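Below are two complexes that have chain A in common, paired first with chain B and then with chain C.
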Partner chain A sequence: MNNMLTIAKKEFQDIFRSRTFSIILVLLLVLTATSILVSTLVFKSQVSQYESSLALLLSMGKTPTEAAPQLYPLNLLRGVVDYIEIIGAIIGILLGYLSIAKEKNTRTMKLLLSKPITKKDIVFGKITGNFLFVSLTIVFVAAMILASFLAIGGISLTAVDYYKILAVVILSIAYIMVFFTLSFFLSIQQKSLSNALMICFTIWLVFVLVLPQIGDTMDPDNQVPGGFFKSMGFDKPQEKAVMAKFSGYENTRDFIEQLSVTKHYERAGFAIFGVKTKYNDMPFPDILADQWFNIVSVFGLLAAGIFADAFIMYRNREAWSV
Partner chain B sequence: MQTDLLSENMSEKEEMKDITKEASSKEETSSSFVLDIHDLSKMYGVFSAVNNLTLQVKKGEIFGFLGHNGAGKTTTINMLTTLLEPSSGSGTVAGYDIVEEALEVRRKIGYLPENVRFYDSMTAYENLDYFARLSGISKPDSRIWDVLDFLDARTYAHKKISTLSKGMRQRIGIAQAIIHEPEILFLDEPTSGLDPFGVKQLRDVILRLNSEKGITIFMNTHLLQEVTKTCSTIGVLNHGNLIYLDSLSNTMKRFRDEKSLEDIYLNIENSKEE
Partner chain C sequence: MLSLDIAKNEVRHLFRERTFFLILSVFILITLASTYIGWSSQHTVESVYQQSVLTLTAAGKNIPPSPFSNLPPLDIVKNMIIYVVLIGSLLAITIGHAIGTKDQKAGVVRILFSKPLTKKDYLMGKLISMSMVLFAITGVSLIISVISVAILSQISSALLLNLIEFYAISYVYMLGFGFLGLSFGLMKKESATALLIPIIIWVLITFALPEMGSALYPTSSLNPVLPQTNILDSPMLSAIHNVLYPFSISEHYKVLSSLTLGLQQTTTTAYVAYPPLISLSILVIWLLATLGVSVRSVSGFDISRGDIYE
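Moving on, here comes the complex of A and B:
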């Protein structure tokens, strides 16, 4: 246990000293704040638009039919989920790669393995150190969210909102760590470190960008800006009736999306933050129950990744060789 | 019948004597040999990197393991330091089996790989603190200063590793290898890449480690000059086979007609290849 903590502590300090990660961290924080501010400005302009059209209607002596735009503050966090999807995955990949590549390149992995410690200490020490760093990063992001809300003013969060933020924080840490474990695995398994990094970024490209995009592109509702069904004036039951005729197509689209851990993270994150309107008034436990598969998928992949890392470290008898 | 019983009793006694003798010789072996390997081999597919290596190194010796590049020296060290599992054969280091008791072996050895660069972003002290803790020392501070003093490197303690010269980095490397007071120190090409001054300084350190701290040293090298100045025994490895093993003084006597150790080395290698 002591050895594991020693390795974890060193790993954590090492990342903190890295300029690359300081830059990525600052970038993520700036993007978070910007995304919230932009979403707020968009919302405020919607409200002022509504108010001016309401005033116009009232001046004409007509009764307004459209409901006032409702502010669900957590809706403003859609961009944060999007950024974590992309930048978070890159952070995870770089952390996993550097955690092993540095040790191999400097030959310190040989030294580590010649010390009276087990491979388990090395794997779990490194995972723990990086987990702490990722957790701190996401906690910073959450703090930035709250600071941005405070800066904007007039936004009050309920206790449930805080729970929801906490849930997405935990989910985000697990999501980033999935990519960490993947990159960690490949960096041990591959003799060539550049190959390991190339495979990681190919996987990132496919699972973070391509697969979710294919799913989105295939979505009939996305064919028209603002939503196909909305533009046709269809209500939900009508939309469901139409889509029922394309169940094969819809299942294929869903299957493609489900291949990507990013999509599982996105679906759960959007549901918890109420980005999809149907979740806005749903009780939090019901949202979690509705999203159990996506949540379990992210955590399941993380568990599989940790297992794979431990397995490859034990199986690869020359884990130190480059 | 009586004769039979007597002879049976006698043979039993003799058997007991043999076992006792064996045990005492085992005791003697384990106490006098820090390193004891038998028929150690390492195969990579059909390629034999080390072939049936049998070798003993006595406590307090400085053993020079010679061989050209690719002879199998590093593979041997990797097996002895438990980094690699042998394909066949057996061996003990400091009395512990290199396969079955790998963790115990690692507690008893110090190791400095070839061209290790350490953690660049950390100071020499932080590097030593890290490795000391992993070697089982929970409060390493005083031990770190003792070792740095011994190596005359105190002034470099708080400098980042990346700013140190290669020679100084090697000294820090030796510091991490001896901080837990190992019984045997494995050095893989320790003078590789050092300037003549650095080589001399490191040689002095090796000799002092042996004479003042009593550490047995197993050193891989292809620099013959180093062997004459530091080692008490030499072994020559060629294509994974141990082709020569004797004390340095015997070697010098046996090949007295040769002008230098280099000639001796070439003589040994050529005679085996012929």
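Moving on, here comes the complex of A and C:
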């Protein structure tokens, strides 16, 4: 246990000293703050548009049919979830890669084993050290969210909002660690480290960007700016009734999206933050119950990744011969 | 002459790289799939519209005209715009990185420069190979798109010209990223950092600038049909947009590509865009600027440098 913690501590310190990660961390924090600022400005713009339309309607003696835009502060975090999806995955990949690359480059794997340290200590020490760094990164992001809300002013969070942020923090850590375990695995399995990194980025490209993009663009509602069903004047039940006739197409689209861990993370994150409007007034436990499959998928993939890392470290003799 | 020898060697080496083939395969496959996805979505949404008409008729409501009735023939390749932004530019970074770091990884920089080779020849060789490989890939994508459009929709000389224009713009856009990959491959001593920096620039150009300047959420910018936004109603957002939009290379690329494919009604941004000539000039400036970075990187390139670290 002590050896494992020593390795974890060394891993954490190495990352913390790295300039590369400082740059990515700063980038993520800056993008978090700007994303919240832009969302706030968009919301204020919507309110001012509503107010001017309302004034016009009232001057014409008409009654407004649409309700005023209501601020749900966590809705402003959509961009943050998006950035964690993209940049968080890159962080995970680089951490996994560098964790093995530094040992391969300095040929210290053999040296490590010549000490009274087990393979288990090394694998779980490295995973723990990186887990702590990822957790710290996401905690910084959460702190930046709260600081941005404070700076904007006029935003008050309820206790449930804090629980929701905590839930997304935990989910985000698990999501980033999925990519860490993938990259860790490939960096051990591949003879060339560059190949491992390129394969990871190809997987990242396909699962983080391409599959969700295909799913999104196949959505009939996304074919018209502002939404196809809105342009037809349909409400949700009417939309569902129409789409029920296209269940085969919808199932294929859903299947493509389900292949991506990013989409599971996004769906759960958007539901918890109420980006999908139907979740805004839903009790938090009900949201979690509704999203159980997406949440379990992220954690299931993480468990599979940890298992795969442990397996390859135990079985792959080449990994220990450098 | 030496530049051409270097270029030939680079191309030969690249085609022996498995990872290059991996990303190339993804790009070619997605080029193949994109027209089918576009065609399939188009047919389905038309059927969804017909079904919606039945519902509205039954309810005795007014029937709005179909938003899909006058779609241009090249609408089915609109996803390709996004795939160039996503996969094409990353493929270009990968190629640039591989070409930029190859000699350092092999530890042959000192041997190479012990021959009568100038830095200028060296850079020219790298630039030529980079441009040739990307040109070949763009050409293959063009051929695939032409064949798939001919099979699934229709093709004419005018449409063929539009597709050639679209791929020419895409080539300029991607080549800029290729030059970035090459520059940092030559500049940085660590392979991971050399790859990471152009990827960070790519993230900024693809996601951050469109969000900051045009209030587009990062994942929304992946959809060729952009959401309705009236950001210019907000003076603050409008001011930010005016400052950042000139630098938003991906938005200029998307606007220009949409225009060349005849999609301006549905796929361009809902807010003030520049005239096409200005957008095109910005893309050319982007290419020249990245070329300038490449020249700078090679002028500071240490010819006594040994291996590059992973």
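In this text, the second predicted complex is superposed on the first by the 319 of 322 C-alpha atoms of A that agree within 3 Å, B and C clash if a C-alpha of one lies under 4 Å from a C-alpha of the other, contacts with A are read in each partner's own complex, and residues count from 1 in each chain.
Just so it is clear, contacts are C-beta pairs under 8 Å (C-beta built on N, C-alpha and C of every residue); 3 or more make two chains touch, one makes a residue touch a chain.
As the structure is a prediction and not an experimental result, all values here were calculated from the model.
Applying the stated clash criterion after superposition on chain A shows that chain B and chain C can sit side by side.
Of the two partners chain B and chain C, it is C that touches the larger number of chain A residues.
In the superposition on chain A, contact is made by A:Lys10 with chain B only, not with chain C. Once the two complexes are overlaid on the shared chain, A:Leu31 sits against chain C while remaining clear of chain B.
Of the two partner chains, chain C is the only one touched by A:Ile199; chain B is not. After the chain A superposition, the centres of chain B and chain C are separated by 90° when viewed from the C-alpha centre of chain A, nearest 10. In the superposed model, A:Arg107 lies in contact with chain B only, and not with chain C. Once the two complexes are laid over each other on the shared chain, residue contacts for A:Lys245 go to chain C alone; chain B is not touched.
In the overlay built on the shared chain, the residue A:Ala303 is in contact with neither chain B nor chain C. With chain A fitted onto itself, chain B and chain C come no nearer than 12 Å, counting C-alpha atoms only. Within chain A, the residues touched by chain B in the first complex and by chain C in the second are 105. Residues 20, 23-24, 27, 31, 34-35, 38, 41-42, 44-45, 48-49, 78-79, 82-83, 85-87, 90, 94, 97-98, 101, 104-105, 193-195, 197-199, 201-202, 205-206, 209-210, 212-214, 216-218, 220, 222-226, 228-229, 231-234, 238, 241-243, 245-246, 249, 266 of chain A touch chain C in their complex.
Residues 18-19, 22-23, 26, 30, 33, 37, 40-41, 44-45, 47-49, 51-52, 55-56, 61, 64, 67-68, 79, 82-83, 86-87, 90, 94, 101, 105, 191-193, 195-196, 199-200, 203, 207-208, 211-212, 215, 217-219, 222-231, 233-234, 236-237, 240, 266, 270, 309-310 of chain C are the ones touching chain A in the complex. By the touch criterion given at the top, residues 81-85, 103-104, 106-107, 109, 111, 113-122, 130-131, 133-136, 138, 176 of chain B touch chain A in their complex. Those residues of chain A lying in contact with chain B across their complex are 2-3, 6-7, 10, 14, 17-18, 102, 105-108, 110-118, 317-318, 320.
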